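To keep things simple, chains are lettered A, B, C and D as they appear, and every chain counts its residues starting from 1.
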Amino acid sequence: MEYFLQLFFSGLTRGSIYALIALGYTMVYGIIQLINFAHGEIYMIGAFVALIVAGVCTIYGLSGVSILILAGVIAVIYACAYGYTLEKVAYRPLRGAPRLAPLISAIGMSIFLQNYVLLAQTSDFLPFPRLIPDFAFMEPVAHIIGSPELVILVTTVVTMILLTLLIKKTRVGKAMRATQQDMNMARLVGVNVDRIISMTFIIGSGLAAIGGVLVASYIGQVNFYIGFLAGVKAFTAAVLGGIGSIPGAVIGGLVLGWAESFAAGYISSAYEDVFTFGLLVLILTLRPAGILGKARKQKV
Amino acid sequence: MAEKKHKLLEVKGLTMDFGGLRAVDSVTLEVHEGEIAALIGPNGAGKTTFFNCVTGIYKPTKGDILLHPKGLETRRLNGLKPNKVTEMGLARTFQNIRLFPDMTVLENVMIGRHCRTKAGIFRAIIRDKMVRDEEQQIIESSYQLLEKVGLARFANEFSRNLPYGAQRRLEIARAMATDPFLLLLDEPAAGMNPYETSELDQLICKISSEDKIAILLIEHDMKLVMNISNPIYVMEYGKKIAEGSPREIKDNPKVIEAYLGEETDA
Amino acid sequence: MLQNLKQSLLISLWFVFLTFPLMVVRVNTMDQVVIWRWMNMLWVAIASFVLSYGWRYMFARQKVRKKVADEGGETRSKLQLLLEDMSFRYKAMGVILVAALIFPQVFDTYQSTIMISALIYVVLGLGLNISVGLAGLLDLGYVAFFGVGAYSYALLNHHFDLGFWISLPIGGIIGCLFGIVLGFPILRLRGDYLAIVTLGFGMIFKVVMENWDSLSFGPSGIANIDKPSFFGMDLNLADSTVYIYYIMIAMVIFTILVTNRLKNSRVGRAWIAMREDETACVAMGIDIARTKLSAYALGAFWAGMVGVLFASKTTFINPASFTFMESAIILSIVVLGGMGSILGVIIGAFFLILLPEYMRAFSEYRMMTFGAAMVLMMIFRPQGIISNLRQTYQYKGLKDKTNNG
Amino acid sequence: MLKIQNIQTFYGNIQALKDVSIEIEEGEIVALIGANGAGKTTTLMSICGISPPRSGDILLDGDSIKGVAADKIVQKGIVQVPEGRRIFPDLTVQENLEMGAFLRKNKRLIQQDLNYVMTLFPILEKRRTQLGGTLSGGEQQMLAISRALMARPRVLLLDEPSLGLAPLIIKQIFEIIRKINKESNTTIFLVEQNANQALKLADRGYVMENGRITLVDSADKLLANDDVRKAYLGI
């Protein structure tokens, strides 16, 4: 039972990170039908910036949770800036181009950003300073769920709530939903669609950076290549949940996190990724639009 | 004309629901050999949905679609895939032109021959004499079809570069390349100028008389419809509200109402 | 003028801000040292300033070209027009063939080796071109079939001592079978879903090969795979490289011949029609499921075959050769070269494989340049290097003469 | 007030509008009638900046709005109710209406207009929290018109408001259109296939065929015109 709970919580932690990254994919896809392949790289850049800030701070003798928060904030700001620039440079000029063009551009951007970080920094894994202390109140349950996991869970839950409020209640959120449902109609009521697309990239990138910082401080190391697998898995989560659907991304992330955690715990950890993609194939075969996705009737 | 004509297509009580919306409501319709039948009605009346049901793109909620090919057994089309329906001898065109834009005009027609030819992958690689002959035959017959619809001079143009009216005619040629005995035309005259429309008028009559292909068309151009088709079926809000000869339709108060709003002073 | 200057300054400032933490600060958390590289800021500022001018210039040019196209003017490049001239093409093909044949006699083994890997990518590109370029099925896990072929030969060779020539078709057929088996569940999927599932297959293949030790010997891979035998003779390294080079040339010619024939056949037309408009295609009586499957399986066939050759060339394979990156590169070859265009794919393969090879001097920057080139290419020339040429047929009893790209 | 001068609009290589000129005076109801595919919707989309014309000009109060972004055109007071309603299906009725007032800041005035459209179409009050996609066709049309009104348009463009609706509802909607025109002096440009209805409502009418304007006249005269009757009924 204890083992089960351990797996349950590690799956939940993992899943919530996938969900954070998946949101960026799903929001962008919902509006411009693009798999933003470079999204994983934004996540990586977020983690790297956080590492730089946290590293500099610890070297100059500062430490503690407040540093993590500072690093997180700066990482989010930078990730947003990168996301915004990415869209402007690599995707906006391709609006209206054949469908494969932005996808190739995205793959190119992903390669570019990876190698840019590789050149500017290093190819080595860099240790991320340990900034989350073991909370005393977590002592009794520490064998099931540790302090870092708790921080991750709380942060993601708060982030999700804020995101939900943003999307449900604010003017921008409403415009985002409207643009997703009918882009030209949104234009006709006066929405500046280009700005909304930029906003989507900025928000998605910020979420990815939060994920990046959390994972980096949890796992304890960062490298230029971490974005790729995280990105692919998060995208899988988004597709699982039904791409374009925000609750779908969260559900997809959690399903994926649990599937991996339980499969690794009970069956074989080596084949973790096989279960991930096996699950994807299975669900898409049964429900081609994902768990919460709507099958769109095409007009003939 | 007293002689009873062979019934080719028989649609009985066809109903199609989308979620809560009933787009087609128990429509019954027949097309006989040698006929040019028309299906008219205001925008949104469910005509195209009706076509989509008959050609297998949608699976109808209720009703029967029966095909009686001459000299062959009757087939029920409900739930068949569109390619099977086409193989059975029922071809169609689309309301918003759906050509293959990056293929040449001739290639577009050659695609129509696909289901009447055989060469598979291995034969295509080996390209033996039979395949070459078959290929040449596809080219020849497709070219002839282009001549028939007056597009031969465009044969090697990309279809996306054709003028609008020509694209519509190309769609007809492509559909005819599948050797149908019944042709469903979805608004063939839409977007054509009067001159093009009158040419189309002749083309449709030619197809009907020379190629012995029965035709069912959806059309908004009343002049075209009244000129060439008999019988005419009228749909409104998913229901069939009238059927008959052009004369009967013209005088039918329900039809006038459907087209003009509630006024009946026409 | 002044406005351009102001804009470029702003852009330059923005990129300085953007790249500041990564370019300037280098923190080594292991040894607890921070290095500040302030000069980098200057380089970034200058580079982005200059590039912003280039960027604007390219857009202005593109706009002019679009206007010409709108007014029905000639927008095909001189190269494209030249290529549509058949007599030029035959001459060019002759010259290239001769050059290809004497290449290993003129250059050394190292050059031949590079050329072999370029040719491998030509075949991979042409294979993927069947499913992506012709049939429009986006496949991001294509490298898995390449891997299947390579492992088939490695294992057959290791366990049963089967030779290269017998394994070549077997590898192709096994690749093809995998294509069919994996093809079934994805038949219902469209576009991006298809892409992500194929990506998943690619990952699964790699993970399985890494972990199924009893079959694949895990990450350490399989070594001492036989090179192709030449009538039972043992060749030295240089000779066998030349030998493989010629096999590869033959394979490329074979592939071009076959894909060309397929492209201009009933089956090939069905693929293209499916790519253009699936609904219209099925309304023309084409069985979509069968058409999709055939394209997918045939693409896999080439990958499997060339995988066998790859294994015999390197004599050692491990899962690290079959990453997503490889799939992405093969896909880029197809798209950069020009989807559906055989010539384009060939040029694309040489471009993408040889350029990084010969840029080894700048080896650090080559992958970054590669990524940037992909983006720029899509923005300024989305149809690829060679866009699809128009196909013409002759009728009225004249002999079928085709002109294809 | 709105002047369209010789515009040519293309979809890819296909020319949808050929030399179209239309003038609309303040407070007028002008109808544009024509068969399916004649280019009526394209005309509206050209005005609204979704498919900008390649040549010609569009003037609002004498200022060119050609090439201006769609959202800026809405800001200038030209608002469209597009063909097929295009309600945001996953937004509630209330949210759909709020989207209509997207560019306006004054909360009090927005609330006031919200109440106004609810009195215009009481059914919307009842459906307030329902998702737009679950409404019936007629309700959606009412919502679409209300959404456009929420922007306080100076010129309201209506594309086939009668499409696919039952006669009774069409009648109701046309009455409301008249009322909007009378009460707030909103200029209305109406695109219709339902020629009789449209011309009865309008002051003037344009007839479009194959991307060209073929007839311009007062609505009464057009109604009595034999060519128009022929074109629409084939009589």
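Here is the rule we go by: a residue touches a chain if its C-beta (ideal position, glycine included) is under 8 Å from a C-beta of that chain, and two chains touch if they have at least 3 such contacts.
The model shown is predicted, which means the values in this text are computed figures rather than measured ones.
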Most heavily contacting chain pair (counted by C-beta pairs in contact): A-C
Chain located farthest away, centre of chain D as origin (C-alpha): C
Chain C and chain D, separation of their C-alpha mean positions in angstrom: 50
Gap in Å, rounded to a whole number, between the CA centres of chain D and chain B: 33
Computed distance of Cα centres, chain C from chain B, in Å: 42
Junction residues of chain B, two or more chains touched: 57, 94
Overlap residues in chain A, where contacts from two or more other chains coincide: 300
Junction residues of chain D - those touching two or more other chains: none
Chain A contact footprint on chain D (complex, rising order): 48-50, 69-71, 74-75, 79-80, 82, 86, 88-91, 95, 98-100, 102-103, 147-148, 151
Residue numbers on chain B that touch chain C, as the complex places them: 55, 57, 81-83, 86-87, 91-92, 94, 98-104, 106-107, 110-117, 119-121, 124-125, 127, 131-132, 134-136, 138-140, 143, 155-156, 158, 174-175, 178
Residues of chain B touching chain D in the complex: 21, 42-45, 160-161, 163-164, 187, 190-194, 220-223, 225-226, 237, 250, 256-257, 259-263, 266
Complex contacts: residues of chain D adjacent to chain B: 12-14, 35-38, 137, 160, 162-164, 166-167, 170-171, 193-197, 209-210, 229-235
Footprint of chain C on chain A - complex, ascending: 29, 33, 35, 45, 48-49, 51-53, 55-56, 58-59, 74, 78, 81-82, 85, 89-90, 93-94, 97-105, 107-117, 119-122, 124, 126-129, 228, 232, 235-236, 239, 243, 268, 270-274, 276-278, 280-281, 284-285, 288, 298, 300
